[in-house]
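Next, two complexes with subunit A in common: one pairs it with subunit B, the other with subunit C.
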Partner chain A sequence: MKKVIAREKLPELWKSLAAKGPLFLPIQEGPVVLFQPWSEGAEANLDAVNTAVSAKDVFLPREETYLQYRCSGNQLELIPVENAEPVIAFGVHPCDLKAVEMLDKVYLDQEPSDELYRQRREKTTVVGLSCREPDPFCFCNEFGINPADAPGADVMAHLKNGLVLLEARTDKGKALLDQAGDLLQDGSDEKFEAAEVKTADFGLNLEGLPENLKERFEDPVWDELYKSCLGCGVCTYVCPTCYCFDVEDFGHEGEGQRFRCWDSCMYGHFTDMAGGHNPRAGRKERVRQRFMHKLQYYPETFNEIACVGCGRCLRSCPVNLDIVQAIKALGGETVEQR
Partner chain B sequence: MAERNVESVNKVREAVSQDLLGGRIDLLLGWEKGHYWWQSRPLFARSEADLEKLAWDSFCAVNLSRYLLEELKDHDKVGVLVKGCDARAFNRLLQDNMVRREQVILYGLPCPGMLDYNRLVEKAGGAPLEITEENGRVIIKVGSGEQEAQRDDLLLDKCKDCRYPDPAVYDQLLFSPQGEKEVTERFKTVEELEEMSAEERFGYWEKELSRCLRCYACRQACPFCSCRECFVEQENPRWQGRAYQPSENFMFHLVRAYHGTGRCIDCGECERSCPVDIPLQELNRKLIKDINELYGDYEAGLDPEQEPPLLTYRPDDPAAFSEK
Partner chain C sequence: MSSANVLMPQQATILDITEETPDIKTLRVVGKEGMPFDFMPGQCAMLSVPPVGEAIFSITSSPTCRECLEFSIKDVGNVSGALHGLQPGQQIGIRGPYGNGFPIEKMKGKDILFIGGGIGLAPLRSLIGYCFAHREEFGHIDIVYGARSPADLIRKSEVRESWAAEPDTSVYLTVDAEFPDWNGHVGFVPNYVSELAFKPEGRIALTCGPPIMIKFVLQALDKLQFSPEQVITTLEMRMKCGVGKCGRCNLGSVYVCKDGPVFSLDELNALPSEY
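Right after this comes the complex of A and B.
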């Protein structure tokens, strides 16, 4: 099913889609663009290439309540929370959607699977958005990602000459376009090929890197690489493929909620253990964990490197210690480029 | 820019290489180029080969003084390249007894102000390919041609209202000083916020802070945040929870800002490090302004002998809290 809508009509589309449940869009929030629920008056920005924080916020929210509790006397009442209302994520770029597939492998494809994640994932309709012009930080090509297409999207969207072309690819996608009804026009005659997009070429050679790293836990590279790291966690918070969380309570006087929220291996307390021991005592161990996880542990289990080249750590690390620097330091570079 | 730049890098390299190769310092903290010409990242130089990578250009924003906290554990004597803000950061650490002066050699770099990549993009109307600088102007090359702009309009926020671009402390000054700068807009936003009603202001901060990820990068980058254990991580008592709730946002931001009262050196590293651009400097500068108004002009980090107002006691201290 193929439909089109004029760009200036989009606010009407947002309104109609948001009537049924949260509609996440890249929204201009002051100086930055973030994936957030749209509401009347919010300024959607489909021209931004990458949001400051990745779209994983929709699938694995920074904070997710899963239980409410109430104590009175010595009675404890536990109230489960229904979290997953139908959600639309509109404008997810190919890199971010590829990253969601990587989260799926962690949260769905292993036993036991993660129920919170499953509910949310199943009830989310994804509208992918092709990239017309990459950001200088984008390097998804290095991971074989085609910025013009997001396989796995329920609807694929392209921006073209003041029009938005929408192609439904799944039943969920068709239902979404149906929901929009008369706001959309027939687009069967429109060409849906997005132009080829070339992203930054760092000359990476990832072939064999995960196997190669297997024996390199004690490699002297780690003694140098970590030095500039501030341990600030920005890289993990903005990254679409980082998926660690912590569990905590928020409450007052015997009443409150239990939630999970993003956590980061770049923090000291991430591995604080009862009794006071911390197996990752310093920044070196933490930096090694982050890069080994992306480049060795994840690929060992799931057969692909846990980076999609979205470029967010290249953009946001305050001291420019990013995944490309790590890959190069570890020898994952084409030899001619050296 | 290219030629002048080579010249000045050489000058820096010459100054530090004698000391590093001669064994006067064990480590030099400097900058090197990253993947992009608009990024310069920290360099930890121990050899001549390391010094080959040294950079000193319009993108050396990262404050290097903070690395002393870690590096002085492993080295007897460390050399650091310091801009104006980095030197004040060093004084901050010194006053907080986190470093010892005799363990550090400071190479002072009077700073022309660092450029902001996002401003370059904005001015050029697209991804800039390269820039050349001459006489306070910047020529930005883009795919479709060239754009010219005033250098001052392309500065990082942290550099825009920087009053002291010259290092306040150094062992060796590598270039001629820029002189104290006249800044007119330093407290402009603070004044606007002061004009608001309490409700308006609360609403403003609630909205701004709503996008805070509470990653605490602002703390990690800050030269006054050198506590061995931050209140944020303290388990008992547990001051700070992790919920993304307005109350938790306010808790963190108020405590962080208050801990810097009279101690914040106005380097802007917190704001520069924030991945979602929270205007942290507005909070910091409100407190700087209050200190100035209550205790007389005080510029943290300028003079390590001058105690921060809130760390001293005078019988004639203004008792503004009880009066208002």
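Right after this comes the complex of A and C.
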């Protein structure tokens, strides 16, 4: 099913879609674009290549309450909290959607599956959006991602000459286009070939990198690489493939709730054990964990590097200790570029 | 929820509490309908005390005990401290079981050497109870157990009387230093293992205790010619999910909560030593 809508009509489409449940869009918030629920008057920005923070929190929210407790005397009541409602995520770029597939492997494919994630994933209709031109930090080509297409999207959207072309690829996608009704025109005659997009060539050579790193846990490179890290954790916060979480209680002895929230391997408390022992006590161990997880541990389990080249850590790290620098320091650089 | 949220605990009740040492208590816990779940020795469970939170503990009872789960818990942190403050009858949250458990198939037909230190006896005790309940499946059983002082030994009467009275079983107790009321062996656990000079032939050694004890026990076993495949230990890490997703307890691509906590020494030697 192929449909088109004029760009200036999009706010009408947002309004129609948002009437049924949360509609996440890249929203301009002052100087940054964030993937957020749209409300009337919000300024959606489909021209931004990447939101400042990835789209992962549609599926793995920053915080998510899943139980309420009530205590009285000896009694403890534990009540599940149902969260997931049908959501539309509109304007997810190919890199972010590829990253969601990487989260799927951990949260869905690896037993036992994570029901909180599964419900959000199943109830979300994803409208992928092709990229027309990369920003200087984009390097998704390195990971075999085509910025013009987002496999896995329920609807694939392309921006073209004042039009938005929408192609439904799944039943969920068809239902979404049906829901929009007369706001959309038939687009079966429109050509959907998006132009090729070339992302930055940082001179990376990823061939064999995960295998090479297997023997390099004790490599002296780690004694140097971590030194500039401030431990701020922004890399994990903006990263679409980071998925670690914390579980905490909030409330008092009478009642309260338990929630999970994003956590970061860059923080010391992350692995701090009762009794005081901490297996990743220093920044060296934590920087090593983050990069080894992306480049060796995740690939060992799931056969692909846990990076999609979205460029967010390049943009955000205050000391430029981003994944490109790490890959280069670890030998993943093409010889010609040296 | 349509399907089970793996993070959702079930309600459980503390049946009774035994004070083992000045900082260790054993809690007996039942679910709403008896046993909260089935498990194997070496597996763990998450215990919840809202609003303090949730933490992971090894199950110390044997799966052959069908009345309840037992947890021997040292007061070292927030949740363990909160558990120490509870009274019998109090309800808590529980979920599990987590982890791989001890390699019972690999142990069958072998002589078994248990080496525990302090609270490290807790996970071993589950397996010791299992071995006694399936006595014909295992050879001679040796149990070396030590603590800083006589007051720090847990399950004292059980170890001294019940275990020592089991057929084809030897129990060796030791404490780190001389104490007025102690007339047993004095010395560190690893040294005692060396003195006792266990033969590696046809034997599996399982050890758990403080990291420093484990380190020297492994050296002692190496000197006694035990091969890494014959030596088994169980690790502790900070954990939040118990199912290999929250990202804390990994050694390389292996998650201690899911792929461990029990590892043979040859498995551990192949992993980053980040524990």
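Please note the rule applied: the second predicted complex is superposed on the first by the 333 of 338 C-alpha atoms of A that agree within 3 Å, B and C clash if a C-alpha of one lies under 4 Å from a C-alpha of the other, contacts with A are read in each partner's own complex, and residues count from 1 in each chain.
Basically, a contact is a pair of C-beta atoms (placed from the backbone, for glycine too) under 8 Å apart; a residue touches a chain by one contact, two chains touch by 3 or more.
Just so we're clear, the structure is a prediction, and the values are computed from it rather than from any experiment.
Trainee: Following the superposition defined at the top, how do subunit B and subunit C come out on subunit A, clash or fit?
Mentor: Once subunit A is superposed (C-alpha atoms), there is room for both subunit B and subunit C without a clash.
Trainee: A:116 in the overlay: touching subunit B, subunit C, both, or neither? Say first, second, both or neither.
Mentor: second
Trainee: Is A:52 touching anything from subunit B or subunit C once the two structures are fitted on A? First, second, both or neither.
Mentor: The first partner, subunit B, only.
Trainee: Check the residue A:78 against both partner chains and state whether it touches subunit B (first), subunit C (second), both, or neither.
Mentor: second
Trainee: Report for A:250: first if it touches subunit B alone, second if subunit C alone, otherwise both or neither.
Mentor: Touch partners of A:250: subunit B and subunit C.
Trainee: Which of the two partners, first being subunit B and second being subunit C, lies in contact with A:66: first, second, both, or neither?
Mentor: A:66 contacts subunit C only, not subunit B.
Trainee: Quick one: name whichever of subunit B and subunit C touches more residues of subunit A.
Mentor: Counting residues of subunit A touched by each partner, the higher count goes to C.
Trainee: Once the structures are superposed on A, label A:301 by its partner contacts, choosing first (subunit B), second (subunit C), both or neither.
Mentor: Second partner only.
Trainee: Taking the superposition on A as described, I'd like to know which of subunit B and subunit C A:32 touches: first, second, both or neither.
Mentor: first
Trainee: With the two complexes superposed on chain A, say which partner A:291 touches: subunit B (first), subunit C (second), both, or neither.
Mentor: neither
Trainee: Rounded to a whole Å, what is the shortest Cα gap between subunit B and subunit C in the overlaid structures?
Mentor: Taking the overlay as described at the top, subunit B lies 8 Å from subunit C at its nearest C-alpha.
Trainee: Which subunit A residues contact subunit B in one complex and subunit C in the other?
Mentor: Looking at subunit A, the two contact sets intersect at 246, 248-250.
Trainee: Give the list of subunit A residues in touch with subunit C in this complex.
Mentor: Within the complex, subunit A touches subunit C at residues 66-67, 69, 71, 74-78, 80, 82, 106-107, 110, 112, 114-116, 118-119, 217, 243-253, 256, 258, 260, 263, 265, 270-275, 277, 279-280, 285, 289, 292-293, 296-298, 300-301.
Trainee: Using the touch rule from the top, collect the residues of subunit C that touch subunit A in their complex.
Mentor: Residues of subunit C touching subunit A: 1-11, 13, 48, 50-55, 74, 76-80, 87, 89-93, 211, 236-238, 240-241, 243-250, 252-253, 272, 274-275.
Trainee: Please give the residue numbers of subunit A that touch subunit B in the complex, ascending.
Mentor: Touch list, subunit A to subunit B: 29-32, 34, 52-53, 62-63, 135-136, 202, 224, 227-228, 230-234, 237-238, 246, 248-250, 259, 261-262, 264, 268-269, 283, 314, 316, 318-322, 324-325.
Trainee: Name, in rising order, each residue of subunit B that touches subunit A in their complex.
Mentor: Spelled out, the residues of subunit B in touch with subunit A are 34-36, 39-42, 44, 62, 66-67, 70, 127, 208, 211, 213, 215-217, 220-221, 233, 241-245, 248, 269, 272-273, 275-277.
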